[in-house]
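Chain naming follows the written order as A, B, C, D, E, F, G and H, and within any one chain the residues start at number 1.
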Amino acid sequence: MYKDKILQILMNFKQDALSTDETLEALKKLLYEDLGFAKIDHHREMRKGFPEVIFCQGKTPQQVKEIALHMHKNGSNVLGTRSSKHHFEAVKEAIEEADYYEEARIIFIRNTVVNKAKGIIGVVAAGTSDLNVAEEAAVTAELLGNTVKRFYDVGVAGVHRLIDKLDEIRQCSVLIAIAGMEGALPTVLGGLVSSPIIAVPTSVGYGANFHGLSALLAMLNSCACGVSVVNIDNGFGAAYTASLINRIGES
Amino acid sequence: MYKDKILQILMNFKQDALSTDETLEALKKLLYEDLGFAKIDHHREMRKGFPEVIFCQGKTPQQVKEIALHMHKNGSNVLGTRSSKHHFEAVKEAIEEADYYEEARIIFIRNTVVNKAKGIIGVVAAGTSDLNVAEEAAVTAELLGNTVKRFYDVGVAGVHRLIDKLDEIRQCSVLIAIAGMEGALPTVLGGLVSSPIIAVPTSVGYGANFHGLSALLAMLNSCACGVSVVNIDNGFGAAYTASLINRIGES
Amino acid sequence: MYKDKILQILMNFKQDALSTDETLEALKKLLYEDLGFAKIDHHREMRKGFPEVIFCQGKTPQQVKEIALHMHKNGSNVLGTRSSKHHFEAVKEAIEEADYYEEARIIFIRNTVVNKAKGIIGVVAAGTSDLNVAEEAAVTAELLGNTVKRFYDVGVAGVHRLIDKLDEIRQCSVLIAIAGMEGALPTVLGGLVSSPIIAVPTSVGYGANFHGLSALLAMLNSCACGVSVVNIDNGFGAAYTASLINRIGES
Amino acid sequence: MYKDKILQILMNFKQDALSTDETLEALKKLLYEDLGFAKIDHHREMRKGFPEVIFCQGKTPQQVKEIALHMHKNGSNVLGTRSSKHHFEAVKEAIEEADYYEEARIIFIRNTVVNKAKGIIGVVAAGTSDLNVAEEAAVTAELLGNTVKRFYDVGVAGVHRLIDKLDEIRQCSVLIAIAGMEGALPTVLGGLVSSPIIAVPTSVGYGANFHGLSALLAMLNSCACGVSVVNIDNGFGAAYTASLINRIGES
Amino acid sequence: MYKDKILQILMNFKQDALSTDETLEALKKLLYEDLGFAKIDHHREMRKGFPEVIFCQGKTPQQVKEIALHMHKNGSNVLGTRSSKHHFEAVKEAIEEADYYEEARIIFIRNTVVNKAKGIIGVVAAGTSDLNVAEEAAVTAELLGNTVKRFYDVGVAGVHRLIDKLDEIRQCSVLIAIAGMEGALPTVLGGLVSSPIIAVPTSVGYGANFHGLSALLAMLNSCACGVSVVNIDNGFGAAYTASLINRIGES
Amino acid sequence: MYKDKILQILMNFKQDALSTDETLEALKKLLYEDLGFAKIDHHREMRKGFPEVIFCQGKTPQQVKEIALHMHKNGSNVLGTRSSKHHFEAVKEAIEEADYYEEARIIFIRNTVVNKAKGIIGVVAAGTSDLNVAEEAAVTAELLGNTVKRFYDVGVAGVHRLIDKLDEIRQCSVLIAIAGMEGALPTVLGGLVSSPIIAVPTSVGYGANFHGLSALLAMLNSCACGVSVVNIDNGFGAAYTASLINRIGES
Amino acid sequence: MYKDKILQILMNFKQDALSTDETLEALKKLLYEDLGFAKIDHHREMRKGFPEVIFCQGKTPQQVKEIALHMHKNGSNVLGTRSSKHHFEAVKEAIEEADYYEEARIIFIRNTVVNKAKGIIGVVAAGTSDLNVAEEAAVTAELLGNTVKRFYDVGVAGVHRLIDKLDEIRQCSVLIAIAGMEGALPTVLGGLVSSPIIAVPTSVGYGANFHGLSALLAMLNSCACGVSVVNIDNGFGAAYTASLINRIGES
Amino acid sequence: MYKDKILQILMNFKQDALSTDETLEALKKLLYEDLGFAKIDHHREMRKGFPEVIFCQGKTPQQVKEIALHMHKNGSNVLGTRSSKHHFEAVKEAIEEADYYEEARIIFIRNTVVNKAKGIIGVVAAGTSDLNVAEEAAVTAELLGNTVKRFYDVGVAGVHRLIDKLDEIRQCSVLIAIAGMEGALPTVLGGLVSSPIIAVPTSVGYGANFHGLSALLAMLNSCACGVSVVNIDNGFGAAYTASLINRIGES
């Protein structure tokens, strides 16, 4: 592909259509692409439409606003996670088109459309206390261009609730399974479906829960096949991974 | 009850049927019983037929033999847990009637009969790797005078296997649920039955299992009601507790 | 039982008393019951009168009120644990008959009467600092239909206080032993009684207590037989388990 | 689909072609399928050709042989992980066609052919010490019907080695990234590719590595998007998950 | 050196130029220096100009002011770390020449000039969230008399950003590498440069980050050579160590 | 005291009874003593008769023999802890008078007599499995010149056994309390006696014992006053500390 | 001793000087004393003057006031630890003679005089940040009747400061060594003195300090002999233990 | 520098001294160097003479031999760490000039001479048990071209031993401080010297040492300035870092 372009440059140089400096510059740019870095940009291109992300927690509303403005001006979609209402209000002031998903604690500013993936991502959550993390996952997945189905309150201490939803759950190509406490949901789910499962431990619980450690360890030790795990409460990360998986075979 | 006995002693003393020293001794013995310690013995009596227990692991066959002989001579039933074949052979040499339960790693010497409890104890185990712990629990429960039903290989990654056995499982008055790795079995079980469940985490697994920590934490954080937990791999302790529970309302 | 009903349906179908569609529907419903799920409902029935439970901590008063209202309308008894006064006030506004147990941090709304169990549940607590957890256990056990006796301030650093109460403690069929710090109470108790003991570690302490870890580990490693353990500060869970145990041999 | 079959049965019953008992049995079987369990079997079917798995570590060669024979007779493909040579020799004695992959520590017995997935799974490993885990992943993925490319010794302490392979790595649809010690490989990789990455921490290291904990935590906290994690040393689990992902959009 | 001085004293004594008491005192002082303690003071001298340090966090503004005043009166440079604006305001009230570096959270009062080291200290930081720690390191290093270059936002999830800065980074004689989450920066950096690297894990992150543990363990297990580690968030300590290293070969 | 000696030296110098060099040397030596280091030696003297100690575990028999020989030649008593029979045999070969205490795993070589302390040290141990640690403590205390009383097998799960021995236990001036598993012994003991208690957690147990962590944390969190703790299995350290305490008020 | 008293009773009974009931009561009381419980009271007596203690932290001012009032009315000395000013104000309102030690966070109400111990307790503290814990120890020791010497700011990073104080430190019969961070003080001290040392780790520090864990572990692993350890920040416990030790050989 | 070379190439191309293909190849090579990778090689060059390293532990003698042979043939110096005698014998068989440092557990094969650094590296070790790690550090530093001074057995429990060596220790430009157990050595050392200190925690100890964790945490929390830390037992890493530091200001 680019070999022809180089030849073209060299010929232009030979024929004095390009000065020495211009030749040098043109060559450097082309070869740079050959050495992997162009691919980095290409790789970015591939994820085109995927938003730039701000982790708002621990930042002031002012800081979030400024970062968001900067990204917005670049024409990127902007996704702010773990954002409070105060974060949103600061952003909204500066960028009219900013949206806020309260339960998901997400700010979103759309500048470009992400094309829709074919498969469905299912977000399966154990308890009502896991709602924030579940919504963070579900809304993120939607904003990344996926069709999302929510299956909430299907915790394993009442396994019939899960079985009741099995038909629908099996239509999803990827599943995100969210649970705190004993974190058994991905394991039970893994025995009933054949899709890959991204497990999200939550910090819901107390005592020997140790801020999500119990669910995290349980998920890492799942005796079901097809389960992989992300950080405690990382609904965003699960959705991002699920989105990549959901697009496999599409490009 | 014993007040009459004291009066009897005092009268005997007054009438010189007892010497001063004899009176003193007799009084001390009786009053001792009044102060709680007699109750300790009574409490032992209540658990009559329950064996004395040797934790063999970390003891030499010779040591186990000697302790067993000593208990055997007292007329106690003797139960040796975590015993290897070598332990058993040393004991067998000295005590002809000793029995060995290989998978349960239990030595038993019967000297007195434990009367049979009415209820059934169900031992439910997730994987074949948990077999040793499961058998330790099941055999212990049997030797403590219970009818035991075993439900093995009903791990939650194939929840239909558990549901298939539900009818029988529900006939048990107490359940012992044994699982390693993600330790989800007691939680799923707890949503399907109304008996109390003693959960036993096992050290089966590797990596982030941390020698049974994952299953232990999962069980302590169970979102199902009616679950309590014993130490990692403690099949004996679960069976002992289940036996006490199984006899409630009997005495 | 239900076989006759199926025959009835088939006969009605044969005699055209039922259309094909009606027959199909009727069969499906009946067989569904046969496949375990009916048992799930039956199992619920068995625990009839046992309340539905809201874990209030981390929820807003508004959220708690709405969940409580929903359950209340279903005719369930409603039990709210870890509830603050604010939670209660919100609920009280909507449901006149709601009661509040301040030390136990429990909201209760009675819609149906639980029949009384025969045995007594003893709640034994080490220090005054464990009072909240102890009351959560005691009040829960009472609301689940048990007679409860409280034995507070009988910590093991003054073992004679425990021995003074031994007579009464031994009349209980199940014991809940609550302790923070070094968590030795269930072990000492286990050597003096013959009832099963549910041990509750509390997060009372500081430093190397690590939020209840010291008591939790101590209880799991108890050298006394008959002790099983629930999560740190989980007075509710201990009471629920004790209630199930206390009804064994009654049904 | 199955509604016609039910009608058929009912008609046969109406016309006395089926006895009452035969009708009952036939209906039960059909409806059973309707209630989710058939789907469990179907779901198995979907993963057809995927082998049944034996975790050999901690089992005797004799035990492994027996389990393998049983599975083999069912016509399943059989995959034994963490198997030593001794395990293999015992199996080979009984089943002529058993193969052994020494570095991967895998026994395989083929009874049925898995159809080939279209995408490529890339196995990227940091150090030569991670070889066993890497081969466990690579061989498993191959046996599950995937084309596998191996990229070994591309640890991040020499990041140019990774960049040299970037072209080829980017052709894979899923990546398995294996690293011990500081576990940075999946993060660096995640910044260079757009495929989902299954990260496998290994127990390679010493001291503050704490048997793989350092790599595990690093991977769970990866600042790169698209990374999910399996248990320490779990090459098999990563390959299984990657295989599910690699088939998305194929069925 | 000092032997001559002793002889001088002894001679003065012999010639009655010194009384017995004066001789004694003079000797003691001199010999004291010989026994190591003088060296302690000398050693202090060697670090001359290096400030005395106050760790402000957990102290009241009033306390910080008083300690600062005391040091200031001794003529020392004073460096207050982890200081809030309130700390600074209290100090400023009392000491006019106090300066405040807000992002670094550092108060500085200059009383004496530190001579400039020849080499450059490079401060390399992964994410914008690590800014406080990075600035603490950078400002400390500057105040200790070093030329500092900042390389911020060069996290390893975009390794090309790091490579873009490589020329400049390689001109530094010591590097401070700051990262939270998976803490991979020092490892990647270590493969690209030949300077010693002081790694600073930060507590930036959530969940399985466990307040900086993930980054700490990753850095201690770095597979790159030349990396040593300081406490979580200890930007000051890293800068102090780097300053000592940067002056090697200068004295 | 030593001031006179200095004057003496100075006078000798003035009168030429000492050369300059001799004067210098003599002064340095005397002043050295004044500066604390002499006290270090004096402090050693104070513990005169206390043996030099070899921690044998992890050393070869040959290494232990050589260290022992060296100490023996200096005229020290020599105490080897955690020594196997092999260690002893190697030492015995070279030093005829070496003794071996098998259960305590202690080698002792006496070269000088330690004078007897007045008080009694009581060694109280919970289980027979703690015997090695208990004997290490008891034998060490004896070899350090104390009268020792052993109270073994008085674990808290049978608190009456402890109370039976209370009279004798109260005659001890210091107590060493040794327990594994739940580590409750020092707490119960602390409520019954008024002597200081050195608590020794042992690594006896399994599962959630985590190699002695459960007992260690329990002892550090003891709700009894007067309890301090040494390292897991550190019978020697407890005995050494108890010996220092036992001699208070004697010198 | 008490045998004569029993004989006296029996003789009085024989001679009808005592009724049967009076005899019974008198005997029971005497024998009770024989069985250990009297000794519990005697043991309390032995510690006469030692205060009753309230751990104020986590209690409301109102609760502390009530407990204090109750103890005060019993004539006990009352010691409140971890008390805020608010606690003190509430107590002061009710009990005029209450004193407050602000840095020690101690409330004290004196009702009886503790006789003075002969030895000195030295409180040695590493940093100014450890002041609260140090004062808690020092004030407690004083209130328990000891002469206390304070040696503050003698941290090991400037070991000459410690050596400067050595003379005075060596005059103490027991030492309390308080340090946070790396917790090295007791070890260095242990090499310089021959008194027993109670080590108190403090939670002073950040990051890998893990709330005092680093100092705790360091102290438990001290390579110096004669060191035992209490809980993190437990200045009170150290002082109580030191007081018991300081009185050895006095009674 | 290289711009001239490019012009040269372009001119050669213009004048047909180079074919199109030759031109392309020549340009690519030059530009490659411009893009950072050449610098990687240069950076390698800079560390010229530094050996390639094999971590032998966990590898078979055969594997180590093969890797060593491969490196040896490349003309590299080869350094094998954590090597047993068996490793060495296998290597020696194939490479005559291989040397073995037994206590350091190091194999070395010299192919090129490292030029000598000016400064001295001091290796300071606490106990004789730390000898292996100390020698690993010392021998590595020597083989990397440094003058090394060893200061062994200067543990802080006898601080005068350390002070006795202070003169010599202060002549070193970098220090490696090695200690197990409570890990206090680097802190005490840090208060006495002005060189940077690389601290190496060792796994020497037992119980609450947790395989080196106690020393590691202590060193990370050192209250002395100028201390940075490497992994537990990582003598090699400390020496490598110290070597880089020791050469600062030399190039």
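Following the convention adopted for this analysis, a contact is a pair of C-beta atoms (placed from the backbone, for glycine too) under 8 Å apart; a residue touches a chain by one contact, two chains touch by 3 or more.
Note that this is a predicted model, so its numbers are computed, not measured.
By the document's definition of touch, common neighbours of chain B and chain H comprise A, D, F, G. Ranking all chains by how far their C-alpha centres lie from the centre of chain G, first place goes to D. For this pair, chain A with chain D, the centres built from the Cα atoms lie 24 Å apart.
Averaged Cα coordinates give chain F a centre that lies 40 Å from the centre of chain H. Contact of a single residue of chain F with at least two other chains is seen at positions 35, 40, 158, 163, 191-192, 207-209, 213, 216, 220-221, 225, 231-232. The chain pairs satisfying the stated touch condition come to A-B, A-C, A-D, A-E, A-H, B-C, B-D, B-F, B-G, C-D, C-F, C-G, D-E, D-H, E-F, E-G, E-H, F-G, F-H, G-H.
On the side of chain G, the complex with chain B involves touching residues 3, 6-7, 10, 13-14, 20, 23-24, 27-28, 31-32, 34-35, 37.
The touching residues of chain F, when paired with chain H in their complex, are 37, 40, 55, 57-59, 201, 203, 211-213, 216, 231-234.
Contact residues of chain A toward chain D in the complex are 35-36, 39-40, 43, 46-47, 53, 118-119, 163, 166-167, 170, 173-174, 191-196, 198, 216, 220-221, 225-232, 237-238, 240-241, 244-246, 248-250. Residues of chain C touching chain F in their complex: 126-127, 155-159, 163, 181-184, 187-188, 190-192, 205, 207-210, 213-215, 217-225.
Chain G meets chain E in the complex at residues 129, 158, 160, 204, 206-209.
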